[in-house]
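My questions all concern the structure below.
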Amino acid sequence: MKADRENRPLLQLLGINKAFPGVQALKKVDFELRPGEVHVLVGENGAGKSTLMKVIAGAHTKDSGRILIDGQEQRQWGPRVSRSKGVAMVYQEFTLVPFRSVAENIFLGREKLKTRVFLDKVKMYREASDQLVSIGIDLDVRLPVMDLGVGEQQMVEIAKALALNGRILVLDEPTSALTVPEIELLFQVIRRLRSKGVGIIYISHRMEEIAQIGDRVTVLRDGEYIGTRNVSEVQLDQIVVMMVGREINNLFSRSFCEPGDVALRVKGLRDGRRLKDVSLEVRHGEVVGLAGLIGSGRTELARAVFGLDTLLSGSIELFGKSVAKSNPPGSLALGVGLLPEDRKRDGLFPILPLKHNVSICSLRSMFRSGFINPKVEQSLAKEYIDKLQIQPSDIERQVKYLSGGNQQKVVIAKWLAVGPKVLIFDEPTRGIDVGAKTEIHCLMNQLVNAGHAILMISSELPEILGMSDRIYVMYEGRIVAEYPQGTGAELIMRSAMGFN
Amino acid sequence: MKKKIFLALLITLIVMAVYAGGGKEAEPTGEGEGTLTFALITKALNNPFWERMGNGARELCEERGWNFLYLAPTKAMNLEEQNRLMDDLIAKKVDGIVLAPVDSAGVVPAIERATQAGIPVAVSATGVYGGDIVTYTGTDNYEGMKLVVEHMVEVLGGKGRVIVLDGLLAATVGQDRRKGVDDVLAKYPAIEIVARQDAMMQRASGMQVMENLIQAVAEFDAVIAANDEEALGAIEALDAAGMLDRVMVSGFDGNRDALTAVRDGRMVVTLIQQPEKMAADAILAIIDHMNGKEVPKRLPTEMILASKRNIDQFKDKIDG
Amino acid sequence: MPVNNQPSANSKRYILSLIRVCREFDRARVRQIAFRFFRVLGLLLLCAIITVSNRNFIRLANLINILRQASAQIIISIGMTVVLLTGGIDLSVGSVMTVGSAVSGFFLTQTGLPWPIALLAALGAGTALGLIGGILVAKVKLPPPIATYGMLWIGKGVSFGIMGSTPFFGFCNEFRYLGKGYLFGIPFPIWIMAVLVTITFLFLKYTTMGRSVYATGANQFAAKASGIRVDRVLISAYAISGFLAALGGVILCARLNAVDQDIGAPFLLPAIAGPVMGGTSMEGGQGGVGSSVIGALIMIVLTNGMNLLGISSLWQQFVIGLVVVLAVWLDVAIKKRS
Amino acid sequence: MVNRSKFRAFFLRVPTVAWVLLLMIIVFTISSPHFFTLHNISNILSQGSILIILSMGVIVVKITGGIELSVGGVMTLAGMSMAAALMKFDWPIPLCLIVALLVGTFFGFLNGIFVAKMGIPSFIATLGCQGMAFGIATGMNDGRVFSGFPRQMGYFGGGSILSIPVPVCLSAIAFLSSFILLGYTRFGVYVYAIGGNEESLVLSGKAAWWHKVKAYMYSGFMAGLAGIVVTSRNMTSQPMVGFGMEFEAFAAVVLGGSFIAGRGSAIGAIIGALFIIVLRNGLNVTGVPTYLQLAIIGPALIGSIVLSILVERGLRNRSYAGK
């Protein structure tokens, strides 16, 4: 009985094809999910993971191929059908309604009714909070979602998906915005569900998570099915090879050089919200890592230094000269660049062509007269597109059609074009495939060797450890520790979590 | 801090804004017993004609020491808004309302509401199809237009190609004047209507419609417009096309700039109405009615054709 | 293709390259041009239809007449386009237009001052109203339609404050030249319009400021994070719109030789519909001056045509409404294709 | 802390414009004895009924993130077609009422399809429908009015139930239906969801576009109802009567706190509508000449909107545009 449940897959995809105008997103992809397994799906950006998920959810219609649930072929497949078959999605971008209550969000589309017409709010509130408690979260379900933190929102998102009692749970990069304890919590939830026989498709960029949570792993590359392995029988770097199709011997290759004098020095920054007395300094020719949990104030620090957010008190000093009141245009002029954490929101102009995205920051310095010379602009764009190998290199293409990694490169290119002396990278490689990651890291190398100063914020310890000359650790809006290069991960983690 | 101040400012601003209105009433009217309050409701604010009605009524009330209130729809010729104004005046319990109805039928229920509330209503400038009104003062648009057209026919010598600019057919005035045109021209088969368009009684549209018709209709001898605004718009268009010397234009209302145009020979004829008198007569009629005097249901205001022949008589109107 | 039945390697390569070329061909740039062209084509088609049914349409005199009528509306639409590009909308243009003409009328008829002063005063007033609107949007962060709807009422108040309800009329000829004058046989308003279109075109395409307008419309946050002074961009966009609206008002009243309270109101909705018909997106960041010209022309030509064909003005509204919807739909559909 | 958040919640629930309205009422009451009288109140409510009914429809569309600029025209056309059915084909009155409602709903449907299916921006789509509606309304009777209806026709505008004017009852019904619809039914939840994050609704397997269409149809239906009321109030159907009403309704819902997609409520909308009506009525009753009113309305409108937005921002110290 159990056996044949084991060997009959919950979900089977056979030879799925899906094309978008211009690109073949999926080419004959096969995929299989057994009950009670966590099936990790990996692949570079643009490998077609998200497309595949959307096909499974019915949000995209496949061009050809077969979808089988419990071995029966599904002829018409759409959002409703997939839900009725027990497919539950947790998307990377939150799909919550900001102004509405947690409960309403959790039950969106499946509201509880009394007398067939009216909402049964009491029941919804009760069941919603039960749902949250069952995954170990305690929230006031009456609160509007917009009043929650990112982590909490993510949890609501998951609770919403689980509330379906789905048999097939799809998690698309669920941990990208979560703090370490929250991730641990999430994994507990996942294990519990797995033991209940739920099949879980888990998309991630974080290699270490494959080992932590996965049973099997399937790799996609450029929309093609590369292969499926049992996690127990495979080495991580083999998977990496499958993903990128080439050998990457060392993820983090840093060539260290002698740091120069101080480029950026901040003293006692306070913003009245997150930042409580932050002081640090960054020298020319060094990468300074800034570790810390989500919400420890790292991003706020970056934004404040660049001048996106206002400060209550504290001083910022650039190249020895103190900055009265930092604001983006001023920082730009002084040669400070910020690679924002939220790329889509703060970095890109999705509907503008590639060339304009690259040139936007440098226009003012390039064309002092205020008149743009298109030829010059184009050559600039071309230069940086080649330098960062942005694909596709069509400078007229709207950047919304580029893959995540390339978009990130565009944002970086935008800043490099200005030629800033101090660069603040906030999560430079979040949600980026291994290939692009290494490219970006090499780039950082070149930059520091050229004497730039880089302040790198990252949630990935390996990255922090591998890339930085010095490491600051933030906790609750304060710098709680400073470590030299080559410090052990545990130590940093401890201070990041506030043990001293 | 900054925001709080801003808030405070805003609140005060709103209070002042509203009170600027509220305060108004105190000085001029003061709600005292004995002093009567009359109100005039016109059709719009975009035509001097209504302003002139307002002035006429205001002067009368000032010299008699009555309170006077002039209201008009902010949206030109808007029936709904005009009825709201009626209701508000009923609530205000004014002693009498002079109304220039946007629509002869559409205002009847409002008038009935007023009479129920015991407020006498006199209509002016445009008649109504019902309701117990004190009287209707004003020129008869139908008859007036007939006069104008007869004059045009005369100067045309009983034949020619004519363009008719109707005015706001959705409103009664427009229809009355159109009827006037049709009924006269029907009698002269030699006169051909080569085109007709509704120019909404506005100068801008008058000009635009004319410009297009100039292109559409090669040859024509005269333009009969439903009011002065249209006529003056058309004149500008014709002038720009250099056709004004051979095309004759007629207006209606006798506003100052129209009379000027007649004097300068740009407009052939217009019909001088006397909005000031209409409004004043209406108020006087209401007074008589209140004093129990018998008031004729129709008080025609005399109307005069103003053409080159007699334009000198109206110097004062032009300069004044 | 060569007519030999066994294709030589040579011709094969030729075919392949041809295919490659075609692949390259249906890429963005060419397409965008094609789309522009589609709209123009639509306009020409419309003209053709009208011409077939009434020859007078195609006469030079009439075409000039159309352009002259369009000039005021196009000038206003240009300003609206700039605002639309920032992702906003300006509901106040109509009443700002009235204010513009009211102010000029006031200076011309009620004061002895020379006409250039009147012109400047009008433009100043328009710009000022635009500025306020812009500040409400950029600093107080009101949603644009709300802020500008408020300004619409403010404008009404101002113009009534200036002229009550007796129109000003009888302006000096120098001033009226703006509206009815000719230069090289072409009406002066058309010249003004042409100049402004060119300037705005260059401004949007070839200046950093213009680029900032697009950037702001495409993504405000990113614009801010890229060191663009978003507030300034927004405020100046609305100021420009106010300025152009006032100018439109001036030209109109110079042609009319008079000002009345409702002179501007009818221009608001066409001024918005025009650019959108022409392909300016209401989300901002996409479009340009060309759109406002084409959109305005489509509407004016349509009206002119219907008058030529003697379609009762009672039904004209209906036709225009229908055409607006269809045009925008076509535009959206084509955009989706790319 | 607790009672502070209570206080916060309370002020968030009550739209700020309500306080301004209250203030305004007080001022007017002080400055005119005729303002705060039973007669004037019933006058305000019955002349306000049309605007209220319209805004009850428009708010639903506004919450989905659309701008509804067609109600003025649709309301007119509904009235005209009802009158035509009555006078030209002399159908029985109940049938004519249904005609009006159907016409309204149909145009709502058109709007919905244009917006949700064809992807036309709501501003343009509704604008187009406005034009078409007015066009038909003027064209169908050569621009002339319909009048001389049978007496019973006046019931919906002039009659009264238990001494409450019928229009007031109708607007009350309209309010209740929107209130319940938005607050206590699935459709309401979906409307808010479409406004807040349409994707979320699509992903939860609901045909968001169809709910959007329904929202527009509802607004159209309300416009039809308003058409009935206005026609029977004036005992005339005039092809320009609804001109500009769409903007009044827009202002009403915005005043009521529907600044951006996904926000707003029936209560807010009705208060907003009352705000507009009371402002005009108060100014008239206190005897302010129209041209002076024009100078007052603008600042009052924009002032109270700015005020309520700032208050909301102050209360929730987050970027209130949400995520």
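Per-chain residue numbering starts at 1, and chain names A, B, C and D are given in the order in which the chains are listed.
One rule holds in what follows: contacts are C-beta pairs under 8 Å (C-beta built on N, C-alpha and C of every residue); 3 or more make two chains touch, one makes a residue touch a chain.
Just so it is clear, the structure is predicted and the values come from calculations on it, not from any experiment.
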Intersection of contact sets, chain A vs chain C, gives D
Highest contact count belongs to chain pair B-D
Dist(centroid_CA(chain A), centroid_CA(chain D)) in Å evaluates to 44
Cα centroid separation, chain B vs chain D, in Å, comes to 31
Cα centroid separation, chain B vs chain C, in Å, comes to 34
Rounded to the nearest Å, the gap separating the Cα centres of chain A and chain B is 69
Expected list for chain C, residues touching two or more other chains, is 156, 160, 164-165, 312, 314
So chain A residues touching two or more other chains come to none
Note: chain D residues in touch with at least two other chains are 138, 142-143, 291, 294-296, 299, 306, 310
Contacting chain pairs, sorted by label, are A-C, A-D, B-C, B-D, C-D
Chain D residues touching chain B in their complex are 20, 23-24, 27-28, 30-35, 37, 39-40, 43, 46-47, 50, 138, 142-145, 147-148, 154, 157-158, 230, 233-236, 238-245, 279-296, 299-300, 303-304, 306-307, 310-311, 313-314
Chain A contacts chain D in the complex at 57-59, 78-80, 82-83, 89, 91, 93-100, 104-105, 108-111, 113, 117-119, 146-147, 153
Within the complex, chain C is touched by chain B residues 45-48, 50-51, 72, 74, 76, 169, 195, 197-198, 202-205, 207-209, 211-216, 218, 229, 232-233, 236, 239-240, 257, 260
Residue set of chain D touching chain A in the complex reads 180, 184-186, 188-189, 192-193, 196-197, 199-206, 262-263, 316, 318, 322-323
Chain A partner, complex, touching residues on chain C are 27-29, 205-209, 211, 214-215, 218-219, 221-229, 285-286, 338
